[in-house]
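Both of the next two complexes hold chain A, though its partner changes from chain B to chain C.
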Partner chain A sequence: MTTSRFYPLLRLDALNSFVVLAIALFSALTIIYSLKFIKEKRLQYYTYIILTAFASIGVVLANNLILLLVFWGFLGLTLYLLVSMGQGSTDAAKKTLIIVGGSDALMLLGVAIIYFLTDTFYLDAIRLEFNSSLAVISYICIALACFAKAGAIPLHTWIPDAAKSAPAPVAAFLPASLDKLLGIYLLARLNLDLFTMNTAMNTFLMVIGAVTIITAVMMALVQHNLKRLLGYHAVSQVGYMVLGIGTGNPIGIAGGIFHMLNHAVYKSCLFFTAGNIEYRAKTSELDELGGLAKLMPVTYISCLVASFSISGVPPFNGFFSKWMIYQGLVTQLQSADYRIQAINILCLAAAMFGSGLTLASFMKLIHAAFLGQPNNALIRRSLQGGHKDEVPFSMWLPPLILAVICVVFGVFAYQIPLRVFIFPAVPGVDFIGTWFAGLSTLLIASGLVLGLFIFRSRGLGSFIRQDAAFMGCEPEDLDKHRITGIEFYNTIKEYGILKGIYQKAESGVYDIYEQVKKVLSGAGRFLQYLHNGVLPSYLIWALLGMIGLFLILMKG
Partner chain B sequence: MKDVNIIPLFVIIPLLTAFLIALLGKTIKNFSEKIIVASSSLLLAFSLYSQILLRHTPLKTLVYNVGGWLPPFGISMVLDGLSSFMLIVVNLIAFFVAVYSLSYMEKYTDKPKFFTLFALMVSGLNGVIVTGDIFNLFVFLEIASIASYALVAFGTQAEELEASFKYTIMGTVASSFIFLGIVFLYGFASTLNMAHMASVLNSKLSIWLLPFVSVLFLAGFSLKAAMVPFHGWLPDAHSSAPASISAMLSGVLIKTLGIYAMMRIFFNVLGITQAQLSILMFLGSLSIITGAILAFSQWDFKRLLAYSTISQVGYIVLGLGLGTPLGIFGALFHLFNHSVFKSLLFLNSGAVDYAASTRDLRETGGLNKVMPVTTKTNFIASMSISGIPPFSGFFSKLIIIFACIQKGHIGYGLCAVIGSILTLIYFMKLQKFVFLGELKDKFKQIAEVPYLMRFSMICLAAICILAGFLLLPALRPFLDRASDVLLGGTNYAAAVMGAALR
Partner chain C sequence: MKLLLSYLIFPGFLFSACIGLFAGWVDRKVTARIQYRVGPPWYQNFMDIVKLLHKEIIIPEGARLTFLFAPFLGLLSVVLMSTILGRSLNIYASGFSGDLIVIVYLLVMPAIAMIIGASSSENPLASIGASREIKAVLAYELPFILSIIAIIVKSGGSIRIGSILNHQAFAGSNIASFSGALAFIVVLFSIQAKLCFVPFDASEAEQELMAGTLIEYSGLPLAMFKLTKAILLYALPVFLIVLFMGKDISPIFLIGKYILILVSIILIKNTNPRLRIDQTLRFFWGPMAVLAVLALGLTLFGL
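Up next is the complex of A and B:
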């Protein structure tokens, strides 16, 4: 092993080297994308982007906890500054910094406890057992900071808001890719290197992961805003990563880390395409979109690939990493304790169900944005023009590159990402099921080609008759009865228990941020009631305080 | 000039300034402005020079014997690491506040009177810091307090007068406690020289006196430092005063009269006990949380900042109460940082008030479009006070939290962390309601504040960014020398006696 001059401060190993590569890739793509997208305050914007990239690499390479803490906290600041560049993003930016910055303070506490227990700041010298409550507290503090950064329950609530209000490349850059990479990287580092995990802590992680998957995807189903919907998926997918890492066996952890990488790829791609849509249609409300597939074919293809990928459709990369996580869970089923088995089965069910719901909500997205009929004057005018109206080159290239990566990482999963990046980081991965990615892809592709062939040659088209629409014997304008896609799945809001839950979710009952605000203003009102501005009462407090001092100090 | 001769200058220069302004300020045009800037820059230069002096002094202590009378008979003035540190804090802030006031005080009448009181307050603060005589300490404390009572009432509106009245009453109560404590100590030790008193108290035992006196001092100085539950006067006083004076009050006055005097007497003269340390820790944590919650519920810019002062001073006291080298180091570092960013925040509130004529958070909004400089300086100060790296506040809070954990006080560490989160929350609220959002029509015409005010704010903001470098080995002696004095405890006596006789 060669030692660099920076050694005790910075360290490069198998786990962080590919994260650095990914950060560099996403920074480059984001900058390319932003060239045309960002039109004002360019100097500030690029300064913040580059500072963010720099600090992220700092976090990943840091081998000193204090250094890590400084870079980590600094990222919260740049995140705030970037989010607040969006239109009307004041509240979202505020919420973002409060949640992320607040969790940084918790992380500080965790780091302080680790230092107290081990007397060292160097990550490679720390190895803690969960044999005292202090160790548990420190783990939870740092894990919460990871959850806040990556966006797992209960600290995820900033992501949908920030994703909606931030400029699209920022959403693609930070909440979608970099923050996931960093949060999950640190979590993996905690679990693999800093702490020796035990069953209880692993179960804790798995439950967090499973709950995150389900709740976030249920919220995603009913969203009406494209970027907000993607934001909820950004939360939901974190659940898979946490779940994978929580399984505690090599294949699960490898799956979690691979999923982190994959997620960064496809979610960035999705946010870039959302940015393209917003750039053309000047809105990201699903209600007003539609019919963009003809207009922006490249964007459509990229978005479609990324949607399949996130929904876990083979042979794309999202499927592969989810499949590894499932294997991790199945391996865990061999555990002797029946309670662990039960939790595993529940988590497995949640993960698979979540995957299905993800597909469902992406069908809604694809329909509402790219298919269907538009309700937007801008899009209609372009459609009537009859020609393609793709976004500028620098804006369709980054999502296309990412879509290609989605395919490559899925088809050649063993050959490229796993062999080069993941296996060196997590030794001892043992597949219990086999998936011949190449063969399957071949079969899927040939099936599709065959289908196309049948469609073309036998002329299925002849069975399809297109005619004007009638209602009550009157011809009807189809555009008036357009199916926007936002009504999809709205009925789940009406089902018994779910009804109440959705109502509460929409009024922020499950949002820790809103709850803290409520508690604080309650406490504030009480204290303000005490501070009545009357001098004698202030004097009485001082007197009482002094009596207290007398009682304590004169006792001995 | 002999080295020790600069010590009395810290009192003489501002006192002379006050005298001259009172005498000539009305007759000569712009006299008060010129002389106040001259004197405060001179004081700043001298305080920085005192650091260089100390580096070359063997015991790290310089003593000036007033009238050539040696202690314990004469009055001595002491310059050691701690007083030099405090002098820099006070005179740094005083300089920037003086420059800021040149423009800001245009909206009040009678600048000469303002600067007279201001110089008087600075001389009181410097006097408290350099004196080595406990009765002198009381006198200077009263000079600074009385000047500040008058300054709080400077606007002479009903609100200001009421605040000043409350402040006067509670300040006087505090002074009486402190005075009573000094009387008891004098009766027991028969000396007023602090160094001599420390050595007498070391040799002469009394069962009841020290605890009794320490209660009086703790209550008195807690009132001056506005620790919960002794804080009732602070929000009114700090929010009613002219902004530049609020900056002085929050930035340096309560730290000098409350924290510094308490540190000096408890650590160096009485010798602090574990019970007292625990009380300090408790009061500190209580102040952190209570102040932060109250700050969150405020809708007045300056009142929010005033409650935030209570909360932040809690950090300083918590760090001191730990009594460990790391804790004291962190407390002093936070003291320095807090002086800088809280003065800056008050100056920003003054700038908003100056431009928009309101401090109500519900009325302002969107000011980032018309006041870009104030927005940026306020953002830097807010991030610094909320403990976001790489600004200064992050490092001092980090040290204090580490010190808490190091001593095994997880609960207090958690309090500090929660306080930090709450601080972030209410400063984000401030940021949102003052500078972000929609700009109202009535504020479309307002302009950024004059350049002298901007100058002070920008310089202080730069210090907020750069203060983290004080932790570098080359600059650490600045803080180390100050914390060494406190850690040395009653060795203070030997150091001062040794330096006086040399």
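Up next is the complex of A and C:
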């Protein structure tokens, strides 16, 4: 492929070719989805979407650091414009622009240092060792830019806000899929090609990954807004990718990259279904939803599959990539140094428990939005509107396609995604375990078929009767006894030390953006105090300054 | 075909269900003896299942597919789990590597099935049961995973059941070391909670929630949940034996150890009052997690 006309500037290899494919797929699905969803400012919207897709492909193909930087910066701009198209999203868009744009500056610094060290901008010519502090700084700068884009701790805070207030297809397109693909792609490129990783750097990545997994998912547990909840999960899953890449052995890295691909699939699917819910119910607050499974069966099934997938339930795709990451961690356990071992163990525990927490939070989502007791007002409204069935065709098709991909990538993981996409990109993957996903699924499916067969043949169908649900000898009153599901985890919120942490987290103590804002506005207030607009005080300042100046000059 | 047979008959569905139902009888009998009652005859649990199969299936209004699908999901995944477990117990080499993690994940499935089924029934009591169930899952999963990792480290970083057994055959049972004993205690309690037995049965509390998660189930779906529970009652203690007492697993020893664990689970069940769900959370994230971390620390020093 090096014979291409564009060669020194653009380059296509095993690592970026499937990312380009994925970007194209998600762009197409987002555009299909938006046909019905976006009603205002269509021209601007589609222009931004197409520009974003173009610039993303540019980032992935770029073989020149300057070119990459330009595309990367351009993406920050389109991200800002797209997020600000949501209603009341000015603050979130500003936050996004400041965090992502600020990290672009870090990346510029990193690129400059790399040029200083190697005298070249071409990615395939760079190969750095961590032998000087400058190399370390440049790596950390670019890695931080990746973290901000993909949304790892500590630069993740724009994602939940942007996810909540941006239009749903935008949330599905950028924070959920493209930004993850780009951020993690660049991180993988750094680790595989640009730098020779050492143990300390890998450990740094692993710790960041593990912390991201746990903190973000703990925040997701207590959210009340559907899209914000999904936003926190978008952060938490980045932790798995960073953790996988941080293990530094081929299977872990392959797992991390595979998880990136899987995450883009199921998270876009989830945001699309969230959009469907918003479209129907006109709200994304969980306590106003309920019982939508009846109204929107296709959306429900897609959402269920994607939820299982993100929680790592076998045999869906999320399980497979998480399992590869665990294998990467377990391989590291054979290391001789007991400190490395201890860190590995902690990361393994964080990763495994994190997926339990993810599952819990999605059970809450499924209960609150699709099952549970229906919100009578909502059901009534949608019955009155005369559209008690599914959302339009162009809106349920994209999530359904993605849900099917979730199943296919999980069941035929070896045959399709790993063999075609991942193994060429990461040389030397050595499985210490093989999980016959296809076979197990076959067994489960045959069991299901057999069960249904017995069910039919005995004519049990006639035994089924529907009846009202009773409570205390009376038919239940849903308006009075409704359990919305948002209070599921209040026990955890009240648990010992977590209580204080949650309170602080909700008031933004752990949000870098809020802290920096506080410092800046403090400084601003001081300056404001000085500029009080009273002429005599300005004169006094001028006089004092002159005296000071004189004193210095007299001395000289 | 052979695989399908092993999935459906031995050591899969039929075998594990029979053993599990029989163990269920042991549970009822011992409980009865502790309470100075006579207890049911040995075939009582089998009769219960057969009876349930003949009953009418009543579905609450509004719920349909998910409500009927959930018991299938739970049953099929525990059957898969017990097949994997049984096969790797039979011939060490037949398990695939990484089966330990698959089993750990499949063990969560019955709880998920229970939660989805309960929430689709639209009954507020079932919703409360579901919320307690998922909180219990969160509670016991943390110390459970930590202890499993302790075992992985002890066996030299292996996540294959066959090689964990092999390792124990040479180096002695895991329970015979300090860290192993601590982890064993933790996993024993986690199993108690996974089986939804007193003191961790807040999600099915008969007195306050009227069986909570199961409240709307009847007939065949209820029988499937009962079978799921029965298979878990067989598979979980065996899993415990494999992880902790795997030095000698010839049939006689296996049965002896199984009965030992079964009886201790039943004794815990019968001598404790039910915990509130926040107490359960506190118990597992407090003392149990500390014990598990301690066990992990000790394994690092090879104790």
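By our rule, the second predicted complex is superposed on the first by the 479 of 556 C-alpha atoms of A that agree within 3 Å, B and C clash if a C-alpha of one lies under 4 Å from a C-alpha of the other, contacts with A are read in each partner's own complex, and residues count from 1 in each chain.
Criterion: contacts are C-beta pairs under 8 Å (C-beta built on N, C-alpha and C of every residue); 3 or more make two chains touch, one makes a residue touch a chain.
Keep in mind that this is a model prediction, so the values were computed, not measured.
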Contacts of A:495 with chain B and chain C, given as first, second, both or neither: second
Partner chain in contact with A:251 - chain B first, chain C second, else both or neither: neither
Comparing the two partners chain B and chain C, which touches a greater set of residues in chain A: C
First, second, both or neither for A:319, with chain B first and chain C second: second
First (chain B), second (chain C), both or neither touched by A:401: neither
Touched partner set for A:205, first chain B, second chain C, both or neither: neither
Which of chain B and chain C A:444 touches, first, second, both or neither: second
Partner chain B, residues of chain A touching it in the complex: 66, 69-71, 73-74, 76-77, 84, 90-91, 94, 97-98, 101-102, 104-106, 108-109, 112-113, 115-116, 134, 137, 516-517, 520-521, 523-525, 527-528, 531, 533, 535, 537-539, 541-542, 544-546, 549-550, 552-554, 556
Contact set on chain C toward chain A in their complex: 3-4, 7-8, 13, 55-62, 66, 72, 76-77, 79-80, 83, 96-99, 101-102, 104-106, 108-109, 112, 115-116, 119-125, 127-128, 130-131, 134-135, 137-138, 141-142, 145-146, 149, 152-153, 156-160, 216, 219-220, 277-278, 281-282, 285-286, 296, 300
Interfacial residue positions of chain B with respect to chain A in the complex: 165-166, 169-170, 173, 177, 208, 211-212, 214-215, 218-219, 222-223, 229-230, 232-233, 235-236, 275-276, 279, 290, 293-294, 296-297, 383, 386-390, 394, 397-398, 401-402, 404-406, 408, 410, 413-414, 417, 420-422, 424-425, 428-429, 431-432, 436-437
Residues of chain A touching chain C in the complex: 291, 293-294, 312-314, 319, 323, 326-327, 330-331, 333-334, 338, 341-342, 345, 348-349, 352-353, 356-357, 359-360, 363-364, 366-367, 371-374, 431-436, 439-440, 443-444, 446-448, 450-451, 455, 460, 463-469, 471, 476, 478, 481-483, 485, 487-489, 491-492, 494-496
